[in-house]
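Shared between the two complexes below is chain A, which has chain B as its partner in the first and chain C in the second.
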Partner chain A sequence: MKILTLTFLTCARKSCKPEPTSYPLHPTSAELEIIPVDFNPLFLRALLPRLDWPTLRILCEAFGLPGLQEEAPEEDALFLQPEEGGAMEDVEVQGEKGKEVVEDVEKKGEEETREASQLAKDLHHLLLETTMQEGKLVCGCCGHEYAVKEGIANFLLPAHLV
Partner chain B sequence: MLPTPSTSHVSFDNVYEPSEDSFLLLDTLSSASEVEFLKTRFPKNEAVPVIAEVGVGSGVVLAFANAHATEIFGKPHVLTLAIDINRHACEATRQTVEKASTDLAGSQVSVGTFLGSIQADLGSAMRSGVVDVLIFNPPYVPSEESLADLRDVALSEPQFKASSSAKFERDSKLLALSYAGGADGMETTNILLSDLPRILNERRGVAYILLCAQNKPAAVMEYIKSWHANWNVEVVGHSGKTAGWEVLQVLRVWPDNLPHSK
Partner chain C sequence: MPDYLIRLAQAHETFRKPELESLAELLDIRLEFLEYSPDSPHCLVRLESLKDAEKLITRSILTDSICELWGQGSDYASLHADVKERTTHRWPDFLHASFRFSVFGYQGKRDTKSHSSIIDSFSYMGFLGPIRMKNADHEFIVFEEYGIREPEPKRIFLGRLVARGSRPVVSKYDLKKRSYISTTSMDAELALITANIAKASAGKLFYDPFMGTGGFPIACAHFGAMCIGSDIDGRTVRATPDRNPLTNFKQYGLMSYCLDNFVSDLTNSPLKCERWLDGIVCDPPYGVREGLKVLGSRTGLHKLVIFEDGTPAHLAPGFIAPKRPYSFDAMLDDILHFAACMLVDNGRLSMWMPTATDEDIALSIPQNEHLELLSSCIQTFNKWSRRLLTYRRLPGSVTGPVMPRPDKEYVNGSTADDLNNFRKMYFEGFRDKSSKG
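Right, the complex of A and B next:
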């Protein structure tokens, strides 16, 4: 299960759902594994608006991973900006920042001429390659522990808690 | 016709084997009208949609949506998530999705991004409003057995030293969870439906739900429309019209401009 997945999940108990403390579930005794994924900065760009940045920061800390910057990055931060003096290039890049730039659907990233930044590479590694294989996810509201085994989290509650 | 993902690695002793209902979902999702609908609802330049399938079984439908995201959604930028009460199905789906993606490697077509499989009761582990596309092929066959008893088997750990008859009984119950729907075959579907307005994104969300004739689809459609005037439901796929008792339909359920949405 990718780290990103945790930003879509919460405690399975109905009574916990309205409680802010039920999200995110807190990972403990986690074993992480890196599973390589093809790097695709255009996918990251499309993913950016879906990221719950404050929660990702909490998760990084809980996993003991390198901290994320405080503010969610802007799209431009995923790409290296053109060098000083490259005025022509600059204009071109500006033009491409419009909507047409996402004409990449059929191919992997050929339309984006800018090079990906280190931040893009770090985010790719964190969100898409880092997976939780073992451990527990703990609800901050009811304290229930959901086991993660071989990368699959088990959210089934015993019958009396459903 | 887009290729159907291979499920030859799956043991159908305890995981639902792709059947007419699964194939109807594949055909519906890749039909010209649904592709048109989905491309319009999820424009290229907007944020990545989350596609969750509840009750994935072998994973054939989710693997299809993930591998053919470019054809179905007009973009490969989608996230897919598998949910099943049966751990074997969670494991099987992970493989099915990966296999379907690697089968396309080198073909220049980008595939979706698989978030993983989680073992859960329907959408119970999902945060509110995070699902954009929900796919559900429910246990829809009317049945007598207690669904609570069947559920207990999904909670239990498999015993390595189990006798073959105990293993057979366990496997049978796990399989029953994938098709036995209780009264009218609707007990499980009704639970999912009652949680649907919470799970689905109020602006972009859309659900594809398969029903059989005994589920009284017309009544189900009326029920959905009774939630609010902005909830829509339409039959967008059907099969088995002449086959007798098992007539299948796929409903598309979606909210439009709910009053409190942007």
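Right, the complex of A and C next:
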């Protein structure tokens, strides 16, 4: 389970869901592993507004990971500002009959041309590369423990809890 | 707005338009269909630019190619007249460029000699550049469409090739070459089409709550979406150390797009009930056991297995009906409810559903007040069919943490057959078949 996934997880019991203590699940006896994956600034940019920052801070503390800034960053903080990273370059696209068409790729939202900031790289490492391989995820409401083995968590409930 | 000729695959016909419409929406392209027929691979569209034409088609699984339309006709005389009218002013631009011509026939073909004379008949365009069979600057294609067993084509088009579709990708993901699959894995072509119709793309977060061996997450990851998968069957998710969903992601170099896989049940999902998913794609279990090996399992719901001849596997010896009847209709409503709770505005749910071919389909398509049905594509087999239903999460409305699913009366039967209309019909079909044989 990647740390990002943990920010999306709550207790599977219906009766726990309305209780604030059921979220996030608390990791215990966790073994962490770093599994490198490709840096994906486009994904981080889209993710940021959906990321529960206070929960991420709680998880970092639970895992004993370096603390995060108190306030959730804005999208701009994921990228170097133009004066830091150099002027944004226009992208040249080969157009009809060989005429050069200049297109602002940024506006199309499909590509990200700005250079990523250190914060973006740190977040990538924390959210997508830091993985809980073994341990338990515990509901703060009902106390049920969900086992994580070889990186895969099991959220099936025993019959009496369904 | 120029006109373009799209040459479509003559397969999965009802998926073709939804795929193109979804891609147009995803890429923010204005697409207008001028001529489309399910019986023809040739489709005429209007697009704003060459660049749009290229972007639209490059990702399409059901498209062979897109050409700038240079002319059309019901015979060669009318084709040539149309070519002259549309393009005479453009010929000078192509005067010295290298080029090639080719001729394609649909439901009819000609020998090489007549190909040459057809190509020669365009010499009035006066191109002086070299002819290159490979890497020519411009490729012109004559498309002939014949009626069945007609000696002459009924429609002819001349197009200048702009871009080719993604059909070659289908063989890359061919299940025969995939390390971890099961009898219920969706074939690669339909999984990729599903991902396109659900608008999977870079930067998005997708989820398959019935992942099985992970066919949909792989297809969505191919298009750059970050994927989460889960399944109620832990053995499918974990499998063996050298063959499991992750080894599939590794095989295709897509590990960076696999967020996580876990074991869970959609009706008791551990996912936080907020609207943070861009798309949900799934092929829900149909309530038929896969075989003897799951006997005694508490989680007795498995996907319907279909043999290559189109016969459902529950016709096979050893089939056992589920012990815990679960209304299929109720499960579909649960999926729609889940999607309504989890999808961002305009996020899509693309869900497969089995249907009887002669069933009144209007009655059986599940609905939800927060979801708009966008398309219903059908794949037909011998005695049954299945549909890919695609919904859009309507913007706004209900963002609260827990949205209760409205209660609804389901058929109150005591056996699985009573509860699952689809299964019932097929068991009846089976009895008919066996009594005859």
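Observations on the model:
Everything that follows uses one rule, which is that the second predicted complex is superposed on the first by the 132 of 162 C-alpha atoms of A that agree within 3 Å, B and C clash if a C-alpha of one lies under 4 Å from a C-alpha of the other, contacts with A are read in each partner's own complex, and residues count from 1 in each chain.
Note that in this section a residue touches a chain if its C-beta (ideal position, glycine included) is under 8 Å from a C-beta of that chain, and two chains touch if they have at least 3 such contacts.
Note that this is a predicted model, so its numbers are computed, not measured.
The superposition on chain A brings chain B into a clash with chain C.
When the two structures are aligned on the shared chain, A:23 is found in touch with chain B and with chain C. Contacts of A:8 after superposition: both chain B and chain C are touched.
When the two structures are aligned on the shared chain, A:159 is found in touch with chain B and with chain C.
When the two structures are aligned on the shared chain, A:47 is found in touch with chain B and with chain C. In the superposed model, A:34 lies in contact with neither chain B nor chain C. On chain A, the surface patch touched by chain B in one complex and by chain C in the other comprises residues 1-2, 4-5, 8-12, 14, 17, 23, 37, 40, 42-43, 46-47, 50, 108, 128, 150-157, 159, 162.
For chain A in complex with chain B, the touching residues are 1-2, 4-5, 8-12, 14, 17, 23, 37, 40, 42-43, 46-50, 99, 102, 105-108, 128, 131, 150-159, 162. By the touch rule above, chain B contacts chain A in their complex via residues 44-48, 50, 70, 74-77, 79, 81, 85, 87, 90-91, 94, 108-110, 113, 115-121, 124-128, 130, 148, 151-152, 154-155, 198.
If you check the complex, the residues on chain A that touch chain C are 1-2, 4-5, 8-14, 17-18, 23, 25, 37-38, 40, 42-43, 45-47, 50, 52, 93, 95-97, 101, 103, 108, 110, 128, 146, 150-157, 159, 162.
Within the complex formed with chain A, the chain C residues making contact are 27-28, 49-51, 93, 201-205, 226, 228, 230, 232, 234, 237-238, 255-256, 259-265, 268-274, 276, 278, 298-299, 401-402.
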